[in-house]
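Per-chain numbering from 1; labels A, B, C and D assigned in written order.
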Amino acid sequence: MPHRAPGSPGHSRQQFLSGQPIRYYRPTGSADIRRLIDEGFQAFNAGRLSEACSIFADKMLEPADNTTIGLTIAGAMTPAGLGGCVIELMDRGLVDFVISTGANLYHDLHYALNFTLRRGSPFVDDRELYEDGVIRIYDVLFPATVLLETDAYIRDFLVRSGMNGPIATSEFHYRLGLDLLERHPGCDEHSVVARAAKDGVPLYTSSPGDSSIGMNIAYHELMNDSRLMIDPNRDVNEVCAMVLAGTRNGCVILGGGSPKNFYLQAQPTLWEVYGIPKGGNDYFIQITTDQVVWGGLSGATPAEAVSWGKVNPGVLPDTVVAYCDSTIAFPLFCEYAIGSANGRRPRKELVHQRERLVAELTREAKAARAKKKEEVRS
Amino acid sequence: MPHRAPGSPGHSRQQFLSGQPIRYYRPTGSADIRRLIDEGFQAFNAGRLSEACSIFADKMLEPADNTTIGLTIAGAMTPAGLGGCVIELMDRGLVDFVISTGANLYHDLHYALNFTLRRGSPFVDDRELYEDGVIRIYDVLFPATVLLETDAYIRDFLVRSGMNGPIATSEFHYRLGLDLLERHPGCDEHSVVARAAKDGVPLYTSSPGDSSIGMNIAYHELMNDSRLMIDPNRDVNEVCAMVLAGTRNGCVILGGGSPKNFYLQAQPTLWEVYGIPKGGNDYFIQITTDQVVWGGLSGATPAEAVSWGKVNPGVLPDTVVAYCDSTIAFPLFCEYAIGSANGRRPRKELVHQRERLVAELTREAKAARAKKKEEVRS
Amino acid sequence: MPHRAPGSPGHSRQQFLSGQPIRYYRPTGSADIRRLIDEGFQAFNAGRLSEACSIFADKMLEPADNTTIGLTIAGAMTPAGLGGCVIELMDRGLVDFVISTGANLYHDLHYALNFTLRRGSPFVDDRELYEDGVIRIYDVLFPATVLLETDAYIRDFLVRSGMNGPIATSEFHYRLGLDLLERHPGCDEHSVVARAAKDGVPLYTSSPGDSSIGMNIAYHELMNDSRLMIDPNRDVNEVCAMVLAGTRNGCVILGGGSPKNFYLQAQPTLWEVYGIPKGGNDYFIQITTDQVVWGGLSGATPAEAVSWGKVNPGVLPDTVVAYCDSTIAFPLFCEYAIGSANGRRPRKELVHQRERLVAELTREAKAARAKKKEEVRS
Amino acid sequence: MPHRAPGSPGHSRQQFLSGQPIRYYRPTGSADIRRLIDEGFQAFNAGRLSEACSIFADKMLEPADNTTIGLTIAGAMTPAGLGGCVIELMDRGLVDFVISTGANLYHDLHYALNFTLRRGSPFVDDRELYEDGVIRIYDVLFPATVLLETDAYIRDFLVRSGMNGPIATSEFHYRLGLDLLERHPGCDEHSVVARAAKDGVPLYTSSPGDSSIGMNIAYHELMNDSRLMIDPNRDVNEVCAMVLAGTRNGCVILGGGSPKNFYLQAQPTLWEVYGIPKGGNDYFIQITTDQVVWGGLSGATPAEAVSWGKVNPGVLPDTVVAYCDSTIAFPLFCEYAIGSANGRRPRKELVHQRERLVAELTREAKAARAKKKEEVRS
């Protein structure tokens, strides 16, 4: 079989690309939706989602507590148009840092660069799509050229940026966002990466080689003899440091996957590896369709996390898992939070605090090591 | 609430740790199981699993084809005792490289170091476990000291090894395996990491910071001023290079998650980033409980992968997804394959071919770039 | 172990029954929710739910078509407070008949009789509940006396009604509803059974022995020598007759289970058993969390139904399955429909048309049989 | 659109019907499979399935206890060839009565009547199947004529049998089985309905109108003025009576659905309706892929059943749910049980005990009523 790149010339892709453009929906805090959630969502997963909304809006966002809140994102959220919700949460100071799959950040760039993803159907013939050069993410369709041109932008950015050594993903995404803001003014209205840079929200990726961004950095090393590389150690330590600095800690987990684990391992890193008795999360909200009985981490409950020291044993009432596709539950959740009395907080802008916080982590870890050595000696 | 590390002294953990030790079950190729699969597994997911067994044993392992086979592992397989299946497949040359979550490789070390994980129940009170210093992975239970002592071994290895710069996970795990073989002779009977080193099978992790191994490497950087770091670029390029070198390519995907994507992105990296028209996979087997309708990559079908050039459009009949917990389906699958006529192949020992293969990738990628520039110019 | 009925005296049940009362939420047609569904639900199951809303509101409810619409209900919808949505749809003429599990109709009676079900948690110790005489439906809690008193009402109704022979479930539920209306005036605001009687909407149960209503009818036969019994034949023929009479046919399926099959078998009954070439459904909407790959009928797709003649082969674009807990998706769906331009239709009041429609079915079936015999003879 | 019955002349169906015939696989008690389950199935759902095997083989089948065991069947088990497992369990006395969806018993008749169902694919175009007159049950394919000829047999049986009044499904299926045995000698090797009649195992259907058998009985009433009808009261009371008579009670639940509830409601019927303090089940085994968090009865846990008095509060350790497609797990489960020391028990042949057991139930229920009246009076 003669292989070729999808999208070779000579085919019409019009039939597949006739759906409405996907846009980043921006929640506005609808009172109707709040009433539905308070009064109509009474039991089963509707009840759980209602609890999640209350815990987030009434407890996690309580101004006096200044809880440090991480958002983790797995599943194709930006292709589905959920980036607008993330932008709104970041902008209003309702989440302090984000851990995402690389794919969500890569596909966010399409919006920043003004390419169009379209509503489609999951029931299409992928062999025809392949012939027509159309890429499919479940029911989201777009031309393969969107990939190629986004890649070209990334590779051009890599060359222009002059970055040439180990780097945290938070730093990498921050610089990428600044570049977008500079070259595409106003794109922060429809780009998570750009808005995060503007708002000072650190963006992490737990699997840095595992996305088109990672593929292009690998290209840059192989083909341009670059020394730029993602250093996962920095990501691990930065997330630990931010969690350590939180007076209270909580998370909103969309899906699960390696972003979930990357967030939740911060507390075990502190006690298990660094010997710092920080304690676990005070709040834990997850929206997922994965199930505990399949045994994977995505479906693991807040209760299981207690045994690992990831969640405080006393706070199980403030943990909740709502089993629902995030594309439905997350916009509802954001409408509720944004319409609440605590719908805006001062932004922590942690991107600019990373150095200080890692220094503090280092100090505490060294003190703990010294203390432990002394104990052993005596 | 006064926080403390789980496992503080003064508690009895005996009640939770009375279950049978989990051992690495080694499949032997039972004829009874083959007959059940051939004759009794006729429809629904039994039918799919039967198809998966046939495609693997009769087509992917066909000696004349010398298909390059990747195994990806997500979900807590080594805690559940499935490491013995992986050892057997590697040893018999039935898989050529492995991409795993870090957690599976970390927990494999417990077996290598002769610590004991035990059968338990998912219906226990995690607050009591926490009090008693017992860690739970769904229904697998073990003392928190197993974590602490495994971490101590890793940190000791990091110091002893003298590694002090960017490194691929394949290289890191290879050196770790050699260290285990040296210090714990015979442990390759009950350690995937050790056996992979002995058998020359490269082990990759797509999310290198996201496991206790990654946490300890991060510690090493922060506390010992080490320059050791995982370079995801090398992993991306090595996997690409191995896929490019395959005359045919196929995969066995357990679960999904970032290991699945890390494997499947190799072909898009080739055509989309490097401009090399390699074509997609010839075979695709997945055992998962995730569902296509939730839209995530774990549940994405082989058909969807066609639109991305990850799977060859002509081979959909040789792709299959069996929806089943891997702890049930994978041992059955291994028994079938091992008992087949193609139950042993010469090992490729790709760990020792990596440099050569990446050089070949570089050569082809540069040729493709030169050709493209020339086309643009003319 | 000495067994006893839950709720024996001597225990306090207060701790479990402190949650808010569950009330039947009545959707009002929120414009905000319509905008969220139109603009924010763009892909994945949000996209499917948006499609379901459009198909229902814009096509199925199109006044000119006068589509006959069946609603099927599985899963604990009335315990979760969803009865208000069903009342609103029936009252506005948006569904013409209902097929439900018996459990949903039984638990609806608690609301009619002014007993209180309460919001609770699924994470309670059922042994304590049992000791305290508290009944649990996932996270809905109420005293066991609610069962006993509802049973007492049913048995009293059975005696008072004087019914003493075979009866369709539609007739049984109609008479039950009339009794509720008479004895508990105003209860049709919080009872599906009462409102259906008032609105002339037939209520069917596909598994008539399989609920507390069926248990009490069985008691009535055994203990009172009654001859009252549900005759499933009448239900089968009535549903067939209503489907046959529809100029267009469509369904809204919540969950799946035997109500789904009972609705969908109407068309096969017509062509396969009665020899009447009616054709399949024109519209098919399902909200479920069951999956096609598990192979059961609940998860079977509209496409599979085509091969059985249950769905017209030409209408697949007007079929949709949204994978979501009905407690979340169904209120959203109802808000959308009620707020649409077609949010009210004249009620068909089919309860009063059953005799005429079954007569018409009999006439057509006999004509078909006569014609077939003639064909065989010639 | 001109509608027509699937299978109109003029099309070739050969392409879809080229798969292997599905046969009833008969488990034989493989020692290899027992070893795999004991030693290799250690955790997660493999661990649960291993527990289910032990509880069934070692406890429920313990000869001294003479536990009364019900098997409930939902999902397309006979189309998938699982009828051979059911035959083997019934014949060896390992299950005492069966509650099944009507569909499983209807499709079992195809095997009895020597029609052929074939292995196929779920990925076919149902519009083409419809054109070609091929019926699809997920991946099982067969000509529509199989339905028509099976229906013709049923209608002929209904006329021949002379049955003309209310009847329990157990009686109906028993007579149907005897008819099959008489007209198709030897068919009990490949028919559950025939074998059940031979072995005296009562077969119940919880939703009697909801299958092609029910459709044909409805036809018989409408077209032949028959008075034959299923009386669900008798089914409810017979199942209650068998459960009441059990010294110990246990169940094996495949899937869930209305058969599950129909079995489990027996104990609540006894205490809640009849006032007989029997207590709940001693053993509870379920193989399902449905999930507790979706809130339906299929996914409800043994724990939830405790609050209803369906399961004894003291026996939770002897209850287990294994999450797996029954087409994989059930044959494994049967191999294990059949190969165990308790792999054969004397058959109870309850079909012949029904009258006596219902009389005993009546006696106890009347005694309970009399006692209660006396208590109220005094």
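In this section, a contact is a pair of C-beta atoms (placed from the backbone, for glycine too) under 8 Å apart; a residue touches a chain by one contact, two chains touch by 3 or more.
What you are looking at is a predicted structure, and each value in this text was computed from that prediction instead of being measured.
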Comparing the two chain pairs, does A-B have more C-beta contacts than B-C, or is it the other way round? A-B
Would you kindly state whether over half or under half of the residue numbers at the chain A/chain D interface are used by both copies, giving same or different? same
Let me spell it out: compute each chain's centre from its C-alpha atoms, then which one is farthest from chain B's centre? C
For chain B versus chain D, what separation do you get between their C-alpha means, in angstrom? 40
Measuring centre to centre with CA averages, how many angstrom lie between chain B and chain C? 47
Computed distance of Cα centres, chain B from chain A, in Å: 24
Hey, what residues on chain B touch two or more of the other chains? 43-45, 76, 80, 138-139, 289, 291, 293-295, 316, 323, 325, 327
What residues on chain D touch chain A, complex-wise? 43-45, 291, 293-295, 321, 323
Of all residues in chain D, those that touch chain B in their complex: 20, 22-23, 25, 27, 30-33, 36, 39-47, 49, 76, 79-81, 119, 123, 138-140, 289, 316, 323-325, 327-329, 331-332, 335
For a test of understanding, state which residues of chain B touch chain A in their complex under the given definition. 1, 3-6, 74-76, 80, 101, 103, 122, 126-127, 129-131, 134-139, 144, 147-148, 151, 166, 206-212, 214-223, 229-237, 240, 255, 257-258, 261-262, 265, 268-269, 271-274, 277-280, 289-298, 300, 303-309, 312-314, 316, 325, 327, 358, 361-362, 365-366, 369
